[in-house]
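Every chain is named by a letter (A, B and C) in the order it is written, and numbering of its residues begins at 1.
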């Protein structure tokens, strides 16, 4: 790992940023910055910037700051100073080199996890300020290459992973076939109009984690849920455009998602164990489309499992033995208040749940979310080194006996995998779905 | 000195109060108009219950994780702000001046208590200054304006303290005290001292978003 | 003995006479604040005769006024009475309370005359300074 690390620190890192920067002129920078500020921002930006008393209380909230031995460049307000404050102060007259630094800060040194907002006495939404920076970066065409690629994929295919039109139903049918070995009459009902639930996932599931769809199908089948999955676009609930500041694409994605649910005449949208998709569907995309709250009841997997277990629709055959520790993903905990339900599920499934500290709304971020992991290999070490504090937190949980880390969010899952691997913590990482699948009562298996 | 005193405590004080009240109303109205013009959705998410819940947690010392993590700062900032507001409002000599000018009066602090409170404000200001100069993350984001507003706030208390004890040239110090008070009042709506006006709104908005939409605590 | 008396008596009288103005000045160097239960400030410095000489005040009623029914009574003065006989601490009977009466009486005139102390600490001088 020493090689890429040095290269990254030397500076030249990302083609999306570097090529984008090479095309910029100071005049273009100025007109884009001022354009965004004048036409897209209002009282929030103005009031936040004019109210901030520069106290630094947000610093300790940030895992990057804590992981870099309190280097002020990584404190939330420090990142604001290095980006939007300067843009405002200089009325957009900043250099391409400044924009380059701003792109790196906003896209790879902030997960938009909102923890800092919880530590600011005035409740200044620093995440929003960083989102404005990302919007400017987007409009300047300086977004990091890998995440821009996912946004392109969204734009072209309406899913995040360039999954082609036929690959999607094909994957569902493949998983249905696999699951039928276990439960012969199992179906993954596609395009079932009037089902109670539309189940939606993020594109990485069909792309390379198809077993998650398999597990979900088993759970649905055993619980007797009247569900469906769409066969055409609208099935993907993920949204990297939200994180690149490409709000227009975000709007298209969410419109397609909601319209698909409307077309299928379902009552609810249940989504897999993904955090950012929940943020997009529940909080961000709906607002862009003019819905103060989503037009459908949005049920995250945590809540869905909670209800299934509580209502006795799935029963636990034998509780999960290895001690687990539970990671609270920002988007469903700070963004959805699902922490107590997650604990209910954890305790229902597992014999031994070891809390990590801090937890619930105050949990440390995984450092993968907010699109940071989607900036890809060039910034892998940025997020691993930027989250030493998470490694320390996990290590304490490990010393208390935890063997398995449950992370009910895709981004967290992948990010924590890198953390656990790099810092050699030695924890297995699982979704709730993995454990439910393992411990639930299932109909007697079809004999060979 | 007669004239100087009468100017700073007469027309300048009038101007200061007009700027303070007028400016405060202007800034708040402008902000609300801007919300109505460009971010009307904010009103949709506002909730009295969650606004007050959030404000309440943050105005009580140690009622938030953030305050608990910073015990020294919390004690000092609460003492500083409480004394900053209460001392001038309830100082006997100030109330007597209100009585003489407008025949209105209210409860007052004993002078000895007010003296200690002024010292608390001055020590608080010294602490904030030291923190700005020494704590790296705070130093990093500090600009000249931070020192200016700290000086604007400290000045009426330093001069008031000196005037009360009649140290240095009393009449001059006294006149400077009134002038410093005028400057502070006038500066509140037009500098980042306006956090006094805006923080309840930003807090209420974030409290509403966290409580009503995100079902999470913001403290 | 007679000689002694002749010398000593005028001397004694002379000393007494010389001491009298000093005595009276000692009596009136500050405003009597014994009416206040818990005075927050030192008594106001006020050297009666010197003040009146400097200010050119001959008429006692300039300060020692008499009001009846809210109206100033001309040609009557109240130097034989204590201020607090009319001005109690609470300001009963529509009279200004004692503090305010003192302040307006002194400061009000100083403001009109554009001379004399008008700031708190110019009268309430801290002990040890004067």
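Criterion: a contact is a pair of C-beta atoms (placed from the backbone, for glycine too) under 8 Å apart; a residue touches a chain by one contact, two chains touch by 3 or more.
Predicted, not measured: the structure shown is a model, and the values here were computed from it.
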Centroid-based (C-alpha) most distant chain relative to chain A: C
Central subunit by CA centre of mass proxy: B
Mean-CA-position distance for chain B and chain A (Å): 40
Cα-centroid distance, chain A relative to chain C, in whole angstrom: 81
Of all residues in chain A, the ones touching two or more other chains: none
Parts of chain A lying in touch with chain B, wherever the complex brings them together: 41-44, 46-48, 50-57, 59-61, 65, 70-73, 75, 77-78, 81, 117-125, 283, 287, 292-293, 333-339, 358, 361-362
Chain C residues touching chain B - in the complex, by the definition given at the top: 38, 40-41, 99-100, 103-104, 107, 111, 114-115, 118-122, 125-126, 129
Partner chain C, residues of chain B touching it in the complex: 2, 5-6, 92-93, 96, 99-100, 110-111, 163-166, 170-171, 174-175
List of chain B residues in touch with chain A within their complex: 31-32, 34-35, 37-39, 41-42, 44-45, 54, 58, 64-66, 69-70, 73, 132, 135-143, 146, 192, 194-195, 198-199, 201-203, 205-207, 209-210, 213-219
